[in-house]
Amino acid sequence: MAFYEKLMGLDRRWVYLCVGIAVLIPFFIPFDVPVYTTPEVKAVYDFMESLKEGDVLFLAIDYDPNAMAELHPTATVMMRQAFSKNVKLVISALSQNGPGMAEQLIAQISKEYGKKSGVDYCYLGYKPYPGIVILAMGQNFRIPFPSDYYGVPLDSLPMMKNIKNYDDVKAVIDVTGTNAIDYWLVNGNARYKVKLAAAVTGVMAADYYPYLQSGQLFGLLSGLKGASEYEVLANQKGFAFSGMRIQTVAHIVVTLFIVIGNIGFFMARAGKRRS
Amino acid sequence: MPPIGDLLWTTLAAFLTFCIFSFLYKDNPFYKFAEHLVVGVSAGYFAMLLWYEGLIPKLYVPILKEGKLYYLIPGILGLLMWTRFSRKWAWISRYPIAVYVGIGTGVAIPLEMQTKVVRQLSASMTAISLNNATGINNLLVVIGVFCALVYFFFSKEHKGAFGGIARFGIWTLMIGFGAGFGLTVMGRVSLLIDRVKFLAETWWPMFKAFVGAVF
Amino acid sequence: MRQQLPLAIILVIGVFMALQYFVPHESSEFVYEWSLDWVIIIGVFAMALGLWSMFVVHYTKIQKKSSGWGFSVIAILGLLYMLIAGGIWGIEEGTPFMDFFWYVYTPIQATMFALLAFYIASAAYRAFRVRTILSTILLVAALLLMFRLIPIGPLSGPIQELDRWILGVPNLAAKRAIIIGVGLGIVATAVKVVLGIERSYLGKD
C-alpha cells in the first residue's frame, strides 16, 4: 500500500489519540500565550467598569452544564466584577438544565464577597419558554417570577422594591450557549430597547457579528477566547486564560491534520493520474 | 484524607466520564449505560424543575394561597394539553395549542421583522466610499449581503449575470462558514479541557490521597 | 368545530398580539400581560408532555423486552430516583437530587460534548479537502481563524487584524444575509399560521 493510501485510510482513533495527547501535554506543562483583546470584549468590560455602586445589572445565565467549560469563566469574572463594585444583580437561568448550576455559581461568588440574596442580588431561576418569559419580564419581573428561586416573593425582597422591569436595569448581559440570545434580541432588545451584550459559545459567535455592527448588541464575547480576554482586562486570570495554551497546541494539531490530509489527497490524485 | 462522601461522588463522576470517553474506542455497554442514565436523570431533573419552579409558584400559590381562582383557567387549558395522548380526545388539545401558538406567532411577526430584517437592512445602509478603509469595508458588506441574498433566490435559474452574482454570494457564504468552523474548533476543545481539568485536578488528587491514606 | 374553532382562536389572538406591538394603550397592555402570564402556565404542562413520551418509549421497550431493554430500566430508574429525591428532599444545593445532578448528569453531559473535540479533528482530517474553489475558500477562512489562537511571532499581529476583518466584513455579510432570510421565513410562516394556511401543528383528525 502506498504511503499516501495509508495516510488517507488512517484509523480515526489515531487522530483521537493525537488530540488527547495535544490536550494533556500542555495541561501538565504550563506556559503562557499572548491574549489579544478585541474591541467587542473591551466594550463589555468598559461598560461594567462604568457602573456605579447601587446600579442594577441583569445577568442572564442561560446555559447548560454542557457549555459550562466555555461560559462559566465569563459568568464568574463578570459576577466578581459586579460584586466588587457593589453593583446589584438580577439573575435568571432560562436554560432548562442550567438553574441548579447557576445557583451553585451564585452561592459560591456571593459568599466570597459577603453578598446576600434579596439585598445584593436576586436569583429568579427558570420558567419554560424563554421567549415569552423575556417578553413578560419587560412588563414586570413579577409576571413570570412572582417569587425568586428560593420561593421568596419578589415584593418582599428589599432590592426589588423599586425594580419593576428592564427600565430599572442598566443592561442585560446574556451568557448563553443556546438560542436564548435570539429571544433576548427579538423580545428584549426589539420590544423594550434593552441594552444588550452577549457572551456566547465559540460555535455561535460568528453568527452574531451582524447584531454587533447594527448596534443591537453593544458587546460580544466568543467562547473561551472571549472569556480569557475578559479575565486579562479584569486582572482575574483563571481557567480561561490558562486554557488558551491548551487551545494553542490543539489548534496546531488540528491544523497539521488538515494539512496532512490534503497532502495525502493531492498525492492520491497525482497517483491516480499517473496510473 | 478526603471526606468519604465527596470521594465516592467524585469517583462516580470520574467513572461516568470514562464510560463516555470509552465510546472513542468503540460503542460498548458502559457507554450505553451512561447514555441511558443521563436520559432518565435529565428527564427527572426537568420534571422536578417544572414542579418547583412552574406549577407551585404559578398555580398552587396563586390559587390555593392567594385565592386567585381565575388561574384555574390556564391550569385547565394546560391539563387539556395532555388529551393529546388519547386518540379519542386528542382534538381537545387543539384549544390550548391554539392559544399559545396564537400568542407566540402573533408576537413574533412584528418583532422578528424588526430584529432580523429591518434593523439588519438599515445597518447595511451605511456610508460607502472608496477613499477610506471604513467606506470600502461598508461597500464590501453591502455587496456581500446583496450577492448572498441573490444566491438564496431559487425561483430564477442561476445563469448569466444573475448566476455570476449568486456565485460571488456563495463565495461570501463560504467565508462565513469557514469563520464559523474556525471558532467551532476552539469551542469543542474548551469542552475537552474542562473534562481533563476535572479528572486531573479534582478526582485524581482526591483518589490518590485516599489510596495513600489507606495503603 | 374541531378544526375551525382552534383556527379562529389563532387568528383572533395572533392578530391582536401582532397589533398590540403598535398600541401602547393601558387596556391593550393589560390583555398582553395577562396572556403572557397564561402562556407560561400552559407551557409548563406542554413541557411535561415530552417527559411522559420519554417514559412511555422506555417502558414499552421493557414490556416488549426489545433489544437493549436493560438499558431502558436504567433510564427509568434514573428518572424515578430524581422524582423521589426531589419530591422528598427538595431541589436545593446539597440535597440528594442536586448531588445526582452534579455527579451524574453534569459529567455525562459535559463529556458527551467533549467528545466533539475528537470528532471535529477527525472530520477536519477526513473531509477538509482542497477539491473545488468553494472548499478552498472555506478551508482558507477556517485556517486563518484558527491561526488566531496560534502565536506565530511577528505574524500574530497582522493575523489578528486579518481575522478581525474576516469576522467584521465577509463573515458579517454572509451571516447578515442568512439572518435576513431566516427572518423573512419566520414572518412568512407566522403569517401562514395566523391565517390558518399552515395547520400541521393541529395534528390529524
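Going by the order they are written in, the chains are A, B and C; count residues from 1 in each one.
Everything below uses one rule, namely that a residue touches a chain if its C-beta (ideal position, glycine included) is under 8 Å from a C-beta of that chain, and two chains touch if they have at least 3 such contacts.
None of these values were measured; they are calculated from a predicted model.
Visitor: Given which chains touch which, is the overall layout a line, a ring, a star, complete, or other?
Guide: Shape of the chain contacts: complete, all pairs touching.
Visitor: Give the identifier of the chain nearest to the protein's overall CA centre, each chain being represented by its own CA mean.
Guide: Here the chain at the core of the arrangement is B.
Visitor: Select, from A-C and B-C, the pair of chains that is joined by more C-beta pairs in contact.
Guide: By the number of C-beta pairs in contact, the winner is B-C.
Visitor: Based on CA centres, what chain would you say lies at the far end from subunit B?
Guide: Looking at centroid distances, A is the chain farthest away.
Visitor: Report the inter-chain centroid distance for subunit A and subunit B in whole angstrom, where each centroid is the mean of the CA atoms.
Guide: 13
Visitor: Provide the C-alpha centroid distance between subunit A and subunit C, rounded to the nearest whole angstrom.
Guide: The answer is 16 Å.
Visitor: Determine the centre-to-centre distance between subunit B and subunit C, using the mean Cα coordinates as centres, and give it in whole Å.
Guide: Taking the mean C-alpha position of each chain, the two centres sit 3 Å apart.
Visitor: Mind pulling the residue numbers of subunit A that touch at least two other chains?
Guide: Residues 16, 19, 23, 66-69, 97, 100, 127-128, 132, 135, 191, 206-207, 210, 213, 225, 247, 250-251, 254 of subunit A touch two or more partner chains.
Visitor: Multi-chain contacts in subunit B: which residues touch at least two other chains?
Guide: If we look for residues of subunit B contacting two or more partner chains, we find 24, 42, 45-46, 49-50, 54, 58, 103-104, 107-108, 111-112, 115-116, 120, 123, 141, 176, 179-180, 183-186, 188-189, 191-192, 194-195.
Visitor: Where in subunit C do residues touch two or more of the other chains?
Guide: 21, 36-37, 39-40, 43-44, 46-47, 91, 101-102, 105-106, 109-110, 112-114, 117-118, 120, 124, 139, 143, 146, 148-149, 167-168, 171-172, 175-176, 178-179
Visitor: Hey, which residues of subunit B end up touching subunit A in the complex?
Guide: 24-25, 42, 45-46, 49-50, 53-54, 56-58, 61-62, 103-104, 107-108, 111-112, 114-116, 119-120, 122-123, 141, 176, 179-180, 183-197, 200
Visitor: What residues of subunit A sit close enough to touch subunit B in their complex?
Guide: Residue positions touching the partner: 13, 16, 19, 23-24, 27-28, 66-70, 96-97, 99-100, 125-128, 131-132, 135, 145-147, 149, 151, 185-187, 189-191, 201-203, 205-207, 210, 213-216, 222-225, 239, 243, 246-247, 250-251, 254.
Visitor: Per the contact definition, I'd like the list of subunit C residues that touch subunit A in the complex.
Guide: Spelled out, the residues of subunit C in touch with subunit A are 21, 29, 32-33, 36-37, 39-40, 43-44, 46-47, 91-93, 98, 101-102, 105-106, 109-110, 112-114, 117-118, 120-122, 124-126, 128-131, 139, 143, 146-151, 156, 160, 164, 167-168, 171-172, 175-176, 178-179.
Visitor: How about subunit A: which of its residues touch subunit C in the complex?
Guide: 10, 12, 15-16, 18-20, 23, 33-34, 36, 38, 64-69, 97, 100-101, 103-104, 107, 127-129, 132-133, 135-136, 139-140, 143-144, 150, 191, 206-210, 213, 225, 244, 247-248, 250-255, 257-258, 260-262, 265-266
Visitor: Help me check something: in the complex, which residues belonging to subunit B touch subunit C?
Guide: 9-10, 12-14, 16-17, 19-21, 23-24, 32-52, 54-55, 58-59, 71, 73-75, 77-79, 81-82, 84-85, 90-91, 93-113, 115-117, 120-121, 123-124, 137, 140-145, 148-149, 151-152, 169-186, 188-189, 191-192, 194-195, 198
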